[in-house]
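Okay, here's the structure, questions in a sec.
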Amino acid sequence: MEPTNNMERGPALQASLGRRRKGEITERVAHGLFLAAALVSVATTVGIVLTLFVQSVGFFSEVSPWEFLTGTEWSPILKDENGARHYGVLPLVAGTMLVAVIAAALAIPTGVGIAIFLSEYAPDRVRKVLKPAIEVLAGIPTVVYGYFALTFVTPILRSIFPELIFFNALSAGLVMGLMIVPMISSLSEDAMVAVPRSLRQAAYALGATRFEVALRVVFPAALSGIVASFILAISRAIGETMLVTIAAGATPRMTLNPFESIQTMTAFIVQVSLGEAPRGSLEYNTLFAVGLLLFFMTLVMNVIGSITVRRFRESY
Amino acid sequence: MTTKPETSTATDYVLQARNVAVYYGGFRAVKDIDLDIPRHQITALIGPSGSGKSTLLRCFNRMNDLVTGSSVVGKITFNGADIYDHAVDPTEVRSRIGMVFQKPNPFPKSIFANVAFGLKINGFQGDLQEGVERSLKAAALWDDVKDRLHDSAQKLSGGQQQRLCIARALAVEPEVILMDEPASALDPISTLKIEELMRDLSANYTIVIVTHNMQQAARVSDRTAFMTMDEDRAGYLVEIGPTQEMFTNPRNERTEAYITGRFG
Amino acid sequence: MAFADRDRRFRPKLPRRKRWGTAVYAMLVLSILVGIVGLVTLIAQVVVEGAGWLSFGFITNFPSRFPERAGVWAALWGTVWIMGITFLFAVPVGVGAAVYLEEYAPKNRLTRLIELNIANLAGVPSIVYGLLGLAVFISLLGLGRTLLTGGMTMGLLVMPIVIISSREAIRAVPSTYREAAYGLGATRFQVVIGVVLPQAVPGIMTGTILAMSRAIGEAAPMIAIAALTFVTFAPTGPMDRFTVLPIQIYSWVQDPREGFSGLAAAGIIVLLVVLLSMNAIAILIRNKTQTRSEE
């Protein structure tokens, strides 16, 4: 490696040759160590991908990927009445999506409403109090949300809908919605704050009222940034584990009925982990097949989300 | 370029300011303004930066209301009616007194949607297509964009964008157009086009323009008002008169000093 | 009036638009309320259910079949150990990576790749890190279901947070400081160690506390690794098995027997108090360094 910095040469010329060489060695070692630290993150990704792929190979040598991806029955641990096990992952995907959709249905309107309020309506003083208060929601551990769903939201829902099963997708989904609200509100607010003031002024100067400026000028101008926040928040909901493990149940089921008990991909992983499955068994390997699918679903959404955010940033 | 002769019957004033001052918090930005804006003429506000030209301009369509902590005292009338009266909605004032800003600020929408925006929110009763077309023609932009009305406005050149902003303001049929250094961000050729457009528009509209560029004021305006600031940094009006007179024979020595380039 | 013609052509319907504006405003306030009421209810529920179970014994006892004798001692120590190992692992590596990206990295493909990679790692579900720890640290390296495995897994999980906030802190150091140091003949390493890092310490510390707060609350990857939820000893070394507060809370939440739900709430109070004090420390650091730099 060549010394890249000319500035360090002047005084170095006066230094003794030995000291100079020692300095160069220090420089190179330091450079190498910092680079190595940066590469740990790359190694992590490589590790994740390799782990999931390699361990899934064991699974897919016994179960065809086609059966895995299109099967509508999931019972890898317990045998059904005919003594057969089923490896169709769709019930887990359906459960995951059901919870995510319920969460989004609550969090998108709420989060966007908060973002518009903070960015277009709230005076500075109010904003300084409300913004951190909302963001506290993002710092609460997910196991706490699980507790809240199970001991508070579910009983209330059951008093409204007596037919509601104790572990259900609705309660978990609603509390998940509360959990991802700050993600949507702060990213959407960032997007709206980035809309130039001159556009607001142009609209006001045409006789627009405040809500017309907010909804017909600022909101559409920030739309790509706002949509990105939806994608990232839903991806978060898909990957969330403890809340759904605690409150949504452990019954893999192909259903769109929010009143039923379901199982998500993440909750299945926890269930098998708690069982201490023997290494190398098919049961153990299902963990990684489901993990692989989960990883790819969230990865695709995160990539789309961050590309959208970047596009949006470039346009202002 | 034709300069309209100063009409002797210029008693028809669209806007009149009496003893106007503007405060931002405790700071007085302009003070003691008495100013009459005659109908269907171009009035230029000139003066060094910080003299409160833009602040004054923004009083006429109550844009200062949007700045928290600002207040306007004194009286401003539009066709004789006090626009700061409690019963008056600033939204209505702004839909009758249009504004064009320093930097072109088209919405990130199509060319068509930019012009249609004001028509829609103000409940335009006519045909939207026709309304957009008429405004674009009035802003001398129709021929440039008629084949790509649904393209993004942000693909237009700076000069075209500014004419689009003028078309957007014209669409809601204002009586007055306030222009805040409308050409300062443009190249000389685009500037010339905007100036020509202003001359054309002055047949039907009253225009008030803030400009740093004295040649521009001289070329384009019928009347010129010169503002500067006091020791307390509050801007005030030094004098106002027919543009030709102001530039050839200013009454006030400060005006003369500014026009001949000795300060500012 | 001169407006007659215009007034025929426009119907602004201002009163109706104002009413719409009020309705929209009401909706926005409602959404704020959903967030705030949700937060307040959650905290109230935890405090109401859990406060009665809080006692000195609750802190110093091990878990028990009898809720009145149960406590968080094992979980508390497990959490302390995990935090320590996570810190020792994530902070040096994370700060090192941040230094590389801000002070050394050339603008090339590898750098772009590393940056993209860090951004995407931040979005990987935490349970996937658990699977990584399970396969690499436990199965491949044979480190067992130990504190070391848990801490390193957690370290990888929070590293993107450390890197991202350290980069911001390093970027905020004025370049004039660097130029001054280079002008005195300092080498790049001397500039980093002597000038950039000391200036960036407060920012790095706030980011680190943020990362630690995330780690303290994570249960999913720890369950994939530790699995066991009934630990009746306080760990004494990095190769011990363990439980952590969130796992302890999870096992109590799951327990349908009378009283355990209250224990879970009490455990949550302990967890939230720890989190709150960490954030208070972060704010304190920020305020202190701000006043110092103004002097």
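Per-chain numbering from 1; labels A, B and C assigned in written order.
We take it that contacts are C-beta pairs under 8 Å (C-beta built on N, C-alpha and C of every residue); 3 or more make two chains touch, one makes a residue touch a chain.
Remember, it's a predicted structure, so these values are computed and weren't measured experimentally.
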Task: Longest centre-to-centre distance from chain A, chain (CA-based) - done: B
Open item on the list: By raw count of C-beta pairs in contact, what's the busiest chain pair here?
Closed with: A-C
Task: Distance from the mean Cα position of chain C to that of chain A, given in whole angstrom - done: 14
Task: Centroid distance [mean C-alpha coordinates] between chain B and chain A, Å - done: 49
Task: Inter-chain centre distance, chain B versus chain C - centres from mean C-alpha coordinates, in Å - done: 52
- [ ] Specify, in ascending order, the residues of chain C that touch 2 or more different other chains.
- [x] 12, 17
- [ ] Give the residues of chain B that touch two or more other chains, as numbers and ranges in rising order.
- [x] 91-92, 95-96, 121-122, 172
- [ ] Could you list the positions in chain A whose residues touch two or more of the other chains?
- [x] 207, 209, 212
Task: Complex contact set, residues of chain A against chain B - done: 123-124, 196, 198-199, 201-209, 212, 216-217, 220-221, 315
TODO: Show which residues of chain C lie in contact with chain B when the two form their complex.
DONE: 1-3, 6, 8-14, 17
Task: Contact set on chain A toward chain C in their complex - done: 5, 7-8, 10-12, 23, 26-27, 30-31, 33-42, 44-45, 47-48, 51-52, 54-55, 106, 109-114, 116-117, 121, 130, 133-134, 136-137, 139-148, 150-152, 178, 181-182, 185, 207, 209-212, 214-215, 232, 235-236, 238-242, 245-246, 266, 269-270, 273-274, 276, 279, 287-288, 291, 294-295, 298-299, 302-303, 305-306
- [ ] Over in the complex, which chain B residues touch chain C? Could you list them?
- [x] 79, 89, 91-92, 95-96, 121-126, 172-173, 175
Task: Complex contact set, residues of chain B against chain A - done: 61, 63, 66, 68, 91-92, 94-96, 98-99, 101, 103, 105-109, 117-118, 121-122, 165, 168-169, 172
